[in-house]
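The chains carry the letters A, B and C, assigned in the order they are written, with residues numbered from 1 in each.
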Amino acid sequence: MKKRVRSLLVITVMLAGCLGLSACSGDTKTAEAPTTEAVEETTVAEEAAPEEGEASEKETDTEETLNFVYFISHMENEFQSQLVAAVTESAEEKGINLTVISADKDPAKQVSQIENAVAAGNIDGALLQATSADGVTAGVQALKEAGVPTITLHEAITAQEEVTSYVGPDLPTIGLIVMEHVCEELNGKGDIAILVGVMGNSVQVSIAESYDKILAEYPDINVVFRDTANWETDEALAKVENWLSTGKHIDTIVCMNDSMAIGAMQAVNSAGETGNIKIYGSDAVEQAVAAVKNKEMTGTVYFDVTEEGKAAIDTLYDAANGVEVEKEVLMPPALVIEDNINELFPD
Amino acid sequence: MGNKEIVRMENIKKSYSNIEVLHGVSLTVKEGEVHALLGENGAGKSTLVKVLMGEEKLDEGEVFWEGRAIKISNPGEAQRTGLSMIHQELNLIPDMTIAENMFAGREMKKGCIVRKQQQNRAAGEALKRIGLELEPKHKVRWLKTAQMQMVEIAKAVSFGARLIIMDEPTSSISQGESEKLFAVIKRLKAKGISFIYISHRLEEIFYIADRITILRDGTMVGEGDTEFFDKDSLIKLMVGRELKDYYPVRENRSEKRVVLSAKGLSRKREFQDIHFELRQGEILGFGGLVGAGRTEMVMALFGLTRLDGGEVELFGNSVHLKTSRSAIAHKLALIPEDRKNVGLNLQGNVTDNIMAVTEKKYSRFGCINYKKRKIMASEMIDKLSIKTGSLNQLTGKLSGGNQQKVVLAKWLLNEPDILILDEPTRGIDVGSKAEIYKLINDMAQQGKSIIFISSEMPELIGMCDRVIVLCEGRMAGTLEKEEITQEKIMALASGTEVSR
Amino acid sequence: MKYKVMAGLKKTSIFWALLLLVIIMSILSPSFLTGRNLANVVKQISINGILAVGMTVVIITGGIDLSVGSIVSLSSIVAAMFAVANSGYPLFVPVILALSTGVLVGLFNGAGVAYAKFPPFIITLSSMTIVRGISLLVTNGIPIFGLSDGLINLANGTSLGIPNLIYYLIAVFAAGSFLLNFTVFGRHLYAVGGNEISANSSGIHVNFVKLAAYSISGFCAGLAGLLAASRITSGNPTTGEGYEMNAIAAAVIGGVSMSGGKGGLIGTIIGALLIGVVQNGLDILGISAYYQKVIQGLIIMVAVFIDIRNSKNS
């Protein structure tokens, strides 16, 4: 009995210790010796130097090679892969040491990844592609408190003012140019269906807002169906099959990404309506570009991923070196349709 | 003890899906009385006590507790009234201590902290009160079945139970342990606690019970003080006919050739150096206390576990039975002790179970011949007179005796040469028992060899040609037909007499 | 007599639920009961139906297979890799490879359960993430498209005016029903699921039965992956996420007991149809996809509740 009490005590103390330690590391080391704090203050004042209170020989080391960490939400589709490739390439060109950490779409996981990286130190800048606009605030706080310059990449977050800068597509504009084009093409009168991404996702929300803004200007455009297919091809396929079997008239299907557009395209093809129903996607993935070329799809949206990756690294590099940077670096989107496709994507 | 009645059930009726199983049964238990409830399986004993415990709702009739009419609608209420039931399958949590089990659900606590010391002390006292010396801090897992039962009794008593229902308490414990249990019952009886005692072992009924109520097919067919009954009259009342030749007579017991010869069978911590020869047409009994290593030995013999050492010869050829499949191929059959968990697939129907061993034999190119299957199954059902609603009846719904016959049918269909029967009549009513004895006898008569494990000594005496007694995993002695007596088996089993 | 009728009704309650749903849907939407829409429903359930057949086999043995969704993605990728129009392989190459991918993962699961004695939940949970990871690694997250017409036709073509997908479902269902009901192996599946110890002592090769059950589930998932690739005309590493849950749902709604030893394929197929009809019906009515999830959950609850009630009463 006594033995058990003792072992329980030991475990409790150990657990408490762990908690205490983690609290300290998250807490800008306030509990530590005042000398450390002094070092911390000076580094924050200088801004250019690495802000870790680490050994001095490391500091000279990091002046030559910067260590950036790219917290990515997931790596499960073509677009993400392209983005990672673009960022990695620009980082290599600049001689920056880049680490990519994937959160597999889990906000809680992403927050702990950020906290771990901050605790481990040796991080001169962070690229954050948030899994959720609201869910990673704790991680952003940790980065801010550690004085790590942070750039939200591709997806803005709610606490955007807490980070250094945003680099990404001009999402509202994507929604605007697509919907504007669709409505004009129909001469302001017609029936459309909309497939949106995972609801609540920041990209989905911001594009949906733009859609609604344009649709408000065109009262004669009738939205027959509007539902989510969670960015997935198979779900979009089943959904559009079902829509088409109602026999309701649809002029155009607008999809928030190309994966869903490809599903919609298959449903339309197998219903024998190829060309009669126009399909728009976004992201300009290879299959979609090919589909636009052979007229199975009408259009997609392109913006240069390589440019986006480069802009992200450039901005973060400047910020890490103490250069003042823009709060927002937006990559302009371009609508890809039959007219300009061969120009943008020559065979 | 006075004549004050503690519980009276009057004219109880109960139906399951439109079939009435209790046709107006009455039962009166007096204070400080051990009241035996007898009847074949399916006679309605369990249903009656379930109604009393509030586990089943009664359709008609009344229950009186100390003369007042009461309604018990769930086991919790029964417990508060002063009723407690000790099931055949014990309800203890193995990895909690004795004290924790005794106080489960009503822990002694201060705020949200369990006061273990106090609880242990109280548990110790409760155990001592019924004459048990057990350490309350020990885990229940390491107790023997009999000890677990005692813990349940102590738990019931500490709850303030005044009537304890025991459902076949001795079916899985040894004779010595049974005697300890009876001592506890007698001690509590003297304190005014009453018992309803369900059992199939008539010997112990005469030893422990004050009064007896006998049920048959959901009606009460007899009630009275124990002294007014004898074994024959009880059996007659229970089965509604006289059982002549309870144990069948063996003829033609000439010694023939050796079928199975085992030398030095051993398995770590289970049994050591067992050797015996089994002859054709012989019924070889294995006696001993529960836990003496008999079940473990036949499991290893049948290839379900590995032998650490020893040799097995079948018909003079040395064999290695590493899996049950090779044992089956050598025409062995094992009717296991644990019918429900090892013998049967309770989720499967009667046909599925009967065909389980021989499915391949009666199939063609891996496909089932349903017609043949039906014929074979119904043949076995007729042959063993299995009482089942249909060929597709779930085995889980059959009575214990009929379940055991299904297990037998499954193995007989494979026409084995050697049958290993491990406690084949445990928990089976008298009528079915006699039928099973006859079946076993017939098989021996047909030249099949039989290994017969039993903890019931009358059974060993009545059935076997020879009995080997094991004690703590070792052979304590062999008794030839003429020398088999209860005393000798007991002496060898408990290790008080050393083998010749 | 009356009692018998009631018992029959109870046993097939899931069928009546489906019928009721069909009636409600056809009242709410005139386009529901059209040939084209019914073809849609069956097309859309066929992949889940094929998975559910394999899942039923595994659940009958008392196990579970969480890896089928991931197998769908990997085998769709394998099929796509060898069916790209310019690769020049004949059609049977991607078909065989996709199916073997499924069987291979199934064998891995089965060996884990039968011989390494992993709990089925754990081993298939592991292989679920492992296989998904492999899918992403192989493709680098990029879907493979440009498949040959032959492969695209596998699922998208029609024969005798009926979509091809439906034939695959019927074939798998028929083979599965035959296996479960008319073969020794089928009886052994039930015996193992009903009571493993008893099955072993009756001389049934328990480990082999389990290995085979998971391999069958793997095969079904491989086939489903092949058809998924054909249907969405690409091999996509994100296809099939959550498919295992739909397959389990279909089996459970159809009355397959999670503890093993009980259930059959007719119930499973009706379960799959029920899920499909809900999805299709709500799409037609223009009701959000999120309601579908709520309703599907409720159906599972009600179905299992009825099942519990029935087994208590009988």
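Criterion: contacts are C-beta pairs under 8 Å (C-beta built on N, C-alpha and C of every residue); 3 or more make two chains touch, one makes a residue touch a chain.
Small disclaimer: the values here were computed from a predicted structure and weren't measured.
**Student:** Taking each chain's centre as the average of its Cα atoms, which chain lies closest to the overall Cα centroid?
**Tutor:** C
**Student:** On a CA-centroid basis, which chain has its centre farthest from subunit A's?
**Tutor:** B
**Student:** On a C-alpha centroid basis, what's the spacing between subunit B and subunit C, in Å?
**Tutor:** 44
**Student:** Distance-wise, how many Å sit between the C-alpha centres of subunit A and subunit B, to the nearest whole number?
**Tutor:** Whole-Å distance between the two chain centres: 67.
**Student:** Could you please state the distance in Å, as a whole number, between where the Cα atoms of subunit A are centred and where those of subunit C are centred?
**Tutor:** Once rounded, the distance between the two centres reads 34 Å.
**Student:** Which subunit A residues touch at least two other chains?
**Tutor:** none
**Student:** Quick one: in the complex, what on subunit C touches subunit B?
**Tutor:** These residues of subunit C touch subunit B: 3, 181-188, 190-191, 193-195, 197-205, 257, 260-262, 313-314.
**Student:** Which part of subunit B faces subunit C closely enough to touch in the complex?
**Tutor:** Those residues of subunit B that touch subunit C are 17-18, 302, 304, 323-325, 327-328, 334, 336, 341-348, 352, 355-357, 359-360, 363, 366-368, 370, 410.
**Student:** Taking the touch rule as given, give the residues of subunit A at its contact with subunit C in the complex, in rising order.
**Tutor:** 75-78, 80-81, 199, 224-230, 232-235, 237-239, 241-243, 245-247, 259, 262-263, 266, 270, 285-287, 290
**Student:** Under the definition above, what is the set of subunit C residues touching subunit A in their complex?
**Tutor:** Interface residues on the subunit C side: 29, 31, 34, 36-37, 40, 43-44, 136, 140-143, 145-146, 156, 228, 231-234, 236-239, 241, 279-280, 283-284, 286, 288-290.
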